[in-house]
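Both complexes shown next keep chain A, but they swap its partner, so chain B is in the first and chain C is in the second.
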Partner chain A sequence: MAAPLVLVVLVAVTVRAVLYRSSLAAFISERVEVASPLNAWKRVVEGLALLDLGVSPYSGAIFHETPLIIYLFHFLIEYAELVFMITDVLTAVALYLAIQDFNKVVFKKQKLLIELDKYAPDVAELIRTPMEMHYIPLKVALFYLLNPYTVMSCVAKSTCAINNTVIAFFILATIKGSAFLSAVFLALATYQSLYPLTLFAPALLYLLQRQFIPIKLKSKSFWLYTMQYAALYLCSLVVIICLSFFLLNSWDFIPSVYGFILSVPDLTPNIGLFWYFFAEMFEHFSLFFVCVFQINVFFYTIPLAIKLKEHPVFFMFVQIAIISIFKSYPTVGDVALYMAFLPVWSHLYRFLRNIFILSCVLIVCSLLFPVLWHLWIYAGSANSNFYYAITLTFNIGQILLVSDYFYAFLRREYYLTHGLHLTRQDGTEAMLVLK
Partner chain B sequence: MLAALLLPLLLAAGPGRAGAGRERRDALREELLLSPLPAGDVAATFQFRTRWDADLQRGAVSHYRLFPKALGRLVAALGVRELHLALTQGFWRTQAWGQPPLQAPAGAELWVWFQPTVTDVDKAWKELSNILSGIFCASLNFIDSTNTVTPTASFKPLGLANGTDHHLLRYAVLPREVVCTENLTPWKKLLPCGSKAGLAVLLKAERLFHSSYHSQAVHIRPVCRDASCLAVSWELRQTLTVVFDTFSSGQGKKDWSLFKMFSRTLTDACPLASQSKVYVDISPKNKEKELLEVTPPPVSVHEAIVQGDKRTYAVYDLLSPSLFNTSRSLNVQLKWKRPQDSSELPTPVLHAQRYVSGYGLQTGEISTLIYNTHPYRAFPVILLETVPWYLRLYVHTLTIVTKGKENKPSYIHYQPAQDRRRPHLLEMLIQLPANSVTKITIQFERALLKWTEYTPDPNHGFYVSSSVLSALVPSVIAMKDMDVEQSPLFTSLFPSSDGSSYFVRLYTEPLLVNLPTPDFSMPYNVICLTCTVVAVCYGSFYNLLTRTFHVEEPSRGGLAKRLANIIRKFRGVPPL
Partner chain C sequence: MGLLSDPHCRRALSRLVLRLNTPLCTLSYVAGLGWFLALAFQPLAPRTYMSENAMGSTMVEEQFLFGERALSYAREFAGHKKKAGGMPVAWLEKTMWNLGLEVHRQPFSRTLPFPDETRERYMVKGTNVYGILRAPRAASTESLVLSVPCSEGPHNNQAVGLMLALASYFRGQIYWAKDIIFLVNEHDLLGMEAWLEAYHDVNITEVRSSGTLGRAGAIQAAIALELSSDVITSFDVAVEGLNGQLPNLDLLNLFHAFCQKNGLLCTIQGKLQRSDWDSLPAYAHSLQTLLLMVLAQASGRPHGDHGLFLRYRIEAITLRGINSFRQYKYDMTTVGKTLEGMFRKLNNLLERLHQSYFFYLLPSLSRFVSIGVYMPAFGFLILESRPGLLALVPPLLICHAAGLALYFLPVLGQHVATQHFPVSESEAVVLTVIAIYVAGMALPHNTHRVLAGGGSDRGWMTLKLLALLYLAVQLGCLALLNFSLGFLLAATMVPAAAAVQPNGPKVLLAVLLVLATPAVTLLLGIFLQRELVEAPAAVAEGWQLFLAAVAEGLLQHHLYGSLLFPFLALCAYPCWLLLWNVLFWK
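What follows is the complex of A and B.
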């Protein structure tokens, strides 16, 4: 399996290298869908220039990257393009290895459940075989590396790629079962962009499952393990934040990075829902709605944990998708991360209801984003409502895509336990509804 | 008995004389300078200087005579060391009109040095701008932290100063401020004679605002009382510069007179003034022939070196009794003897231009061009730029190019902006080589503001205040050290340390920049639509999380279905 992966990596690197040298690189770097105030490359360069001038990069409102990025690019600024290509390759390789391991776990679990007779007798077509699962890791790596969103994100040198790499390593560490590394990478991911805090729950559930600890609130071993994992996570986070303090000898980065993410003062348009909402908000309600929108990101974690406690990796996928849709400054790089997981659930294809229309919506919206931006900002013949409308449609498309996969997943689980051919009491074919 | 009558007189005179020793002496000098400009326009600069030998900071001063009480109380109460306020309408075209005597940026400019005893400078600044807003009927109360900066090098104190901790300095410009009669009236009221006698009778609003450039300013500063500088006096200068141009005020003809410019003539001097003079610039432009003919013929001619150039002035002393002998009013008339030659247009040694380039509403670039036309001398210039926070400057894109090569500034002070709290401040010391053009460019990004932060006419654009260039320009002719008291007022505002250069402060054009606007009619719609999208997600997830799959049981149907079946049975159609 290594050879096809290497081939895919080579193709991806070639595509990126060609684009770096073309005139499209400047155009892509300027696009607001790809570069947001949090992760634009122009702002990283500006922050380093301010540091050279002797002014703290956090004294203004331009630079919102963590001190880790300053550390990293202070030495590597000459090789920035290489750094971003390497991060993309690392993400793809980490996802490949993670999904390979995950497939083994899925297959083992399926075998166990079949032997325990938990499945209904007529579900042979739903059982997954190693043959069909063989190419899934390669497809995941392919989906990530050759996704136009990822390519554009890399060519624009958006630091979202670095965030994706950290999350990919976190997923790899979790699936391999190493609690320590998982906690460290999760702390790093939270430190970079705050929202991966919600991935604590799926990681914990997966590690508990792997250790065969039952998830019961009264169980002592459950609480013991949870406390251990939480302590590892919090200690790593504290250590990383203290190391950041020593870079510039000030705590200025906390309001500049986390205060900025949470209070959303910069209303630069992006593909998310926040910017226009707060541009048109009455001043009186501004704080209330900021709180509501931020709570909305963290709010789905507990219900999803209760519903999906047997399937933590799917939980992780849904959680990453929710973060990408509802975070304060989303970019297409975040979207590319959860889209890389779609081949893992390719066996759900027969239960997806709206996949055709949703993919059309997403493709058309992606194409319309630059058109309507040009009409608003450059041609002056449209106004901000046009771009906002496409933002709304794109987000609805993403939301319905994720909920469609969720529906298909739950439906397959129902069929596995209750049988594929359902009959009503009078023997006729039955319909399945959510009630 | 005579002695008895004389004694009270002597007694009365005695304490009077002793009282005169205790009384603070104040003096008013007023002066009008008329300078013809190359294109046939004429500039008139009024200066009224009240000097008061009292220390406003110490000792409760309660008896105000010539010095206006409003300003005196302000200086004493808020611990002001120096105050400079200018309200300007129009722009001084340095390239066409030459170096200005005293320039001010378009709009309202206020810069103040506070005493070191002031503990909370920001609070004093806010109070000061509000009080001045009331005194001058100008919207100076809009000065807040988003348009105030603390320059470190450009604005040194012009009066006596003990130390220069620049944390005591505040500078703000309101580029959008308009100047009108409402601002002129309180300014005139501060003059000792008001607008009833002396040179101030010429200040009539209907003529003054019908001009290309109108600038009125107030400068308060402490000065040395005498050459030994053991005591401090306070000086209040009120200056008003107005440029009348040939076509709008002059009806196309280039002959000017006081009556034509101000629709008034001078009848007497202000009785409270110790000096009242009118100067007319009659410097010959190419050293052979005189350009200008002035009537009535001047009593005396004064030569001075002003801004590095030797100039000749015709002087009319309004206090001399011989002036009003022939006629009761003085109407100075200027006639050009020969037509203006375009080759005689003087190029000022230092001038600058600024403009915005770029297209679209996302990014742009501010370019400043600084010209040094001196043939062989290079000199440094300090450039101060204040850019509002919503134009996000990228200092890594700052490039300074002179004659095709990069020119690195020897001093840069950059303070980045904070959203909604303070503007960008960029101060640089740039060396200008002789006979060169320096181009300074910096790129910016335009921010989208909240809908309430736009002005009622958002598509007009947002103003960026003028940038300030301060330089010691080398002069062609060496200037002698002059006695500040004896020299005319128009040469003595800026202190000069040596005779080989003179201080110039220039302002560039203000800029007008468009920002992308949201749709202002949409707040409810946007809130509803965005909340709908969030609700779609919430609804789908709620359904999937709280409901489970069930096999659908056929229901007997609701009431509507049963009614429909009954009707169908009557019609003979199979039931639902």
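What follows is the complex of A and C.
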């Protein structure tokens, strides 16, 4: 299995190396869809220049990276292209290993449930086989490395790639069952971009499941383990933040990174939902609506945790997708991360209903972004409404995609326990309806 | 969500779509074409109106009286031009200087990628001369441009004369709040591109020039003037710019308003507006005008010197004086008054022209069709894809390789071709394009044998689905950038694309598909255009025009960055090859 992976990695690295040398690199790195104010490479360079001059990099309003990133590139600025290629490869490998492990767990669980006769008798065609599961990890790596979104993000040297790597390692550590490493990487991911905070819930659920601790609010061991994991997470977060403080000797980075993420002062157009809305709004309403918009990311965690407590990895996928849709400065690199998970749920394909239309919508939107940008900014014949309309369509497409997967997942689970051929009381074939 | 999540509704819908697929496709295609034809019907196209407040009513009193002076300048210029055998740079500089303008010259040079046979030029050297009238009431932050091309032979002398007379008159007025640049550019579009690049300090094509010395702030609007006779019978206005970009409709409205005020006849696409609208000939007339505009816009060629301004976000139009057999003529004074009025109105602008429409089609000068009305026509045309599945890489790669070859080889291979065959460079380029284009047709129908599951029904269906989606996406994007081109391609390619399959009557489908290829569309477009201007072309002449158009398209791409050729070579042609591949699947 290693040989195809190496091949994929080689192809991915070649594509990136060629693109770095081509004239497209400059064009791509200027695209607002690829580089947001948070992770644009231009801003990293600016921050480094300020640091070299002995000025706090946060003294202007340009730089919004965390101190660890700036120190990372302080030493590696010469090899930036290499660093971004390596982070992409690391992400893919981490996802590959994680999914390999996850598939084993899924298969074992399925075997157990079959032996316990938990499944309905006529669901043989829904049972997953090792044959179809064999290539899934490779497909995940392929989906991540050769996704045009990832390639563009890497060529633009958007630091989003580094966030993705941290999240991928967090997933790997969680699935391998290492509570300590999982907490550390989760803390790092939170430190990098704040929103991965919500991944705490799925990770905890997965680790509990792995330890065979029942998820009951009255059970003592449940609370003990939760406290343990939370303490590990908080301690590592505090350590990382203190480390950042000692690196720069100031707390400047807190408002400039987390304040910037939460209060959304930069309204440069991007593929997210914030910019147009807040550019149009009266100043004195903006605080309220910032809260409303930001709550979206955190809001779905609890209901999802209740509904999907038996399936924490699927929960993780949905949560990552929600983050990338509702975060304040999304880029296509974020989208690429959750898209890498789509092959894992390939067994849901027969239950998906709009996948064809939705993939068309996403492709068309991705192509229309530069076209409408050109019409708005260069030709001057369109205006911001055109671009925002496409942003809106793109996000609706993503939301429908995620909800389609969610519904398909629930439907499959229902069929597994109740049988594939449901009959109504009067004997006709019944149909599941989402209400 | 209702439609998407309720399974009953969905099932019914998809069954309906599948069963009525063919009638629905035909219906939407016919509806699309019908809608387009209806656009030319007068009541559907509202009257144009001025949106910009600053230019609202035509309350300017024009006082330009120096038509005679313009003609004497023109004669003097003609004499010096003949003596110098080109542009009389020194005389122009001296004259402008004497008028009190700040004069600059800008030499430039450009080597074309291959010789241009229609205009007979290869290595071009030239000089642009321009004078800036500094506004007494502002700090040189904004400006207007009046440009006149200095063409070969006796053309355009009157335009230079009128420009100089206007400059001398404008110099005496105190109300200017924007600088006015009077530009005489040599080698028409080449000089214009060189000047614009230097003025904005960018270098996007390979033109070499010394940077300009004098600037006058951001250019708000520009008018290019072409005038070759002492008196005129009408003014023709050209709006289509590079890549089918259009200026703001307000600029056109301004011109139209002043023409009406001064009683000048004005035409668009060489067509005078008819006063009636409810008769059949009147409808045919406005449809003719509309189709001419669509063809002109689809060609992506700048129809006048103004076309290059649009890329820099400067609203611009070209005015052409026409001297025909009509009885009633207008002298230079009236023409000068019209221009004076326009400049004084533009001088009043508080911000860039942004109020009015940028996406429009004009069935006549006083009627327009806005984007909201014409997009449904296009939407109906596109609605023709069918559900299925996707995969397949090799045919895609091969088709794109053919496209890339079509894009790069002609210009790179011209020297090789001229060594081995008895042709000139530009012929070599054009013939290489056609050769690769035709050779591509022989290429791809072997590709699917490389595939494991090739030869099955599933294979061609997925390929066709992919090609149709690809086509729909391309045309959708294109229609936003250049509606006319998107519409023409959709109208020709879509029926063939939807009908193609390996099982049907192969010869018929092959003929249909060949008729739908972009090259044939171009050829037909040329014939249609000649038909519409009432000068039908014979077959041989049409073929010559076709060759010239291919060469022109290539040149436009390399000289000014027109996107038509790369689009056809890199997107439309590979897509068409995919469909060709579907046809010869078995």
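Annotations
In the analysis below, the second predicted complex is superposed on the first by the 434 of 435 C-alpha atoms of A that agree within 3 Å, B and C clash if a C-alpha of one lies under 4 Å from a C-alpha of the other, contacts with A are read in each partner's own complex, and residues count from 1 in each chain.
Just so we're on the same page, contacts are C-beta pairs under 8 Å (C-beta built on N, C-alpha and C of every residue); 3 or more make two chains touch, one makes a residue touch a chain.
Source: prediction; values computed, not measured.
Once both complexes are superposed on chain A, the partners chain B and chain C fit side by side without clashing.
When both complexes are overlaid on chain A, the residue A:400 reaches chain B and chain C alike.
Put simply, more of the residues of chain A are touched by B, taking chain B and chain C as the two choices. After overlaying the two complexes on the shared chain, residue contacts for A:372 are found with chain C alone; chain B is out of touch.
In the superposition on chain A, A:273 makes contact with chain B only, while chain C stays out of contact range. With the two structures brought together on chain A, the opening angle seen from the C-alpha centre of chain A toward chain B and chain C is 60°, to the nearest 10. In the superposition on chain A, A:382 contacts chain C only, with no contact to chain B. Once the two complexes are overlaid on the shared chain, A:364 sits against chain C while remaining clear of chain B.
In the superposition on chain A, A:61 contacts chain B only, with no contact to chain C. In the superposition on chain A, A:132 makes contact with neither chain B nor chain C. After superposing the two complexes on chain A, the closest approach between C-alpha atoms of chain B and chain C comes to 5 Å. The contact surfaces that chain B and chain C form on chain A in the two complexes overlap at residues 378, 380, 400, 407, 431-434. Of all residues in chain C, only 4-8, 10, 245-246, 310-311, 313, 352, 354, 358-359, 387-388, 469, 473, 476-477, 480-481 touch chain A in the complex they form. Per the touch definition, chain A reaches chain C in the complex via residues 353-354, 356, 360, 363-364, 367-368, 371-372, 374-375, 378-382, 400, 407, 431-434.
Residue ranges on chain B touching chain A, taken from their complex, read 359-363, 389, 392, 394-396, 412, 414-420, 447-452, 516-519, 522-523, 526-527, 529-530, 533-534, 536-538, 540-541, 543-545, 547-554.
Of all residues in chain A, those touching chain B in their complex are 30, 42, 45-46, 48-50, 53, 55, 59-62, 265-269, 273, 275-283, 293, 296, 300, 303-304, 306-307, 322, 325-326, 376-378, 380, 383-385, 388, 392, 395-396, 399-400, 403, 406-407, 410-411, 414, 422, 424-425, 430-435.
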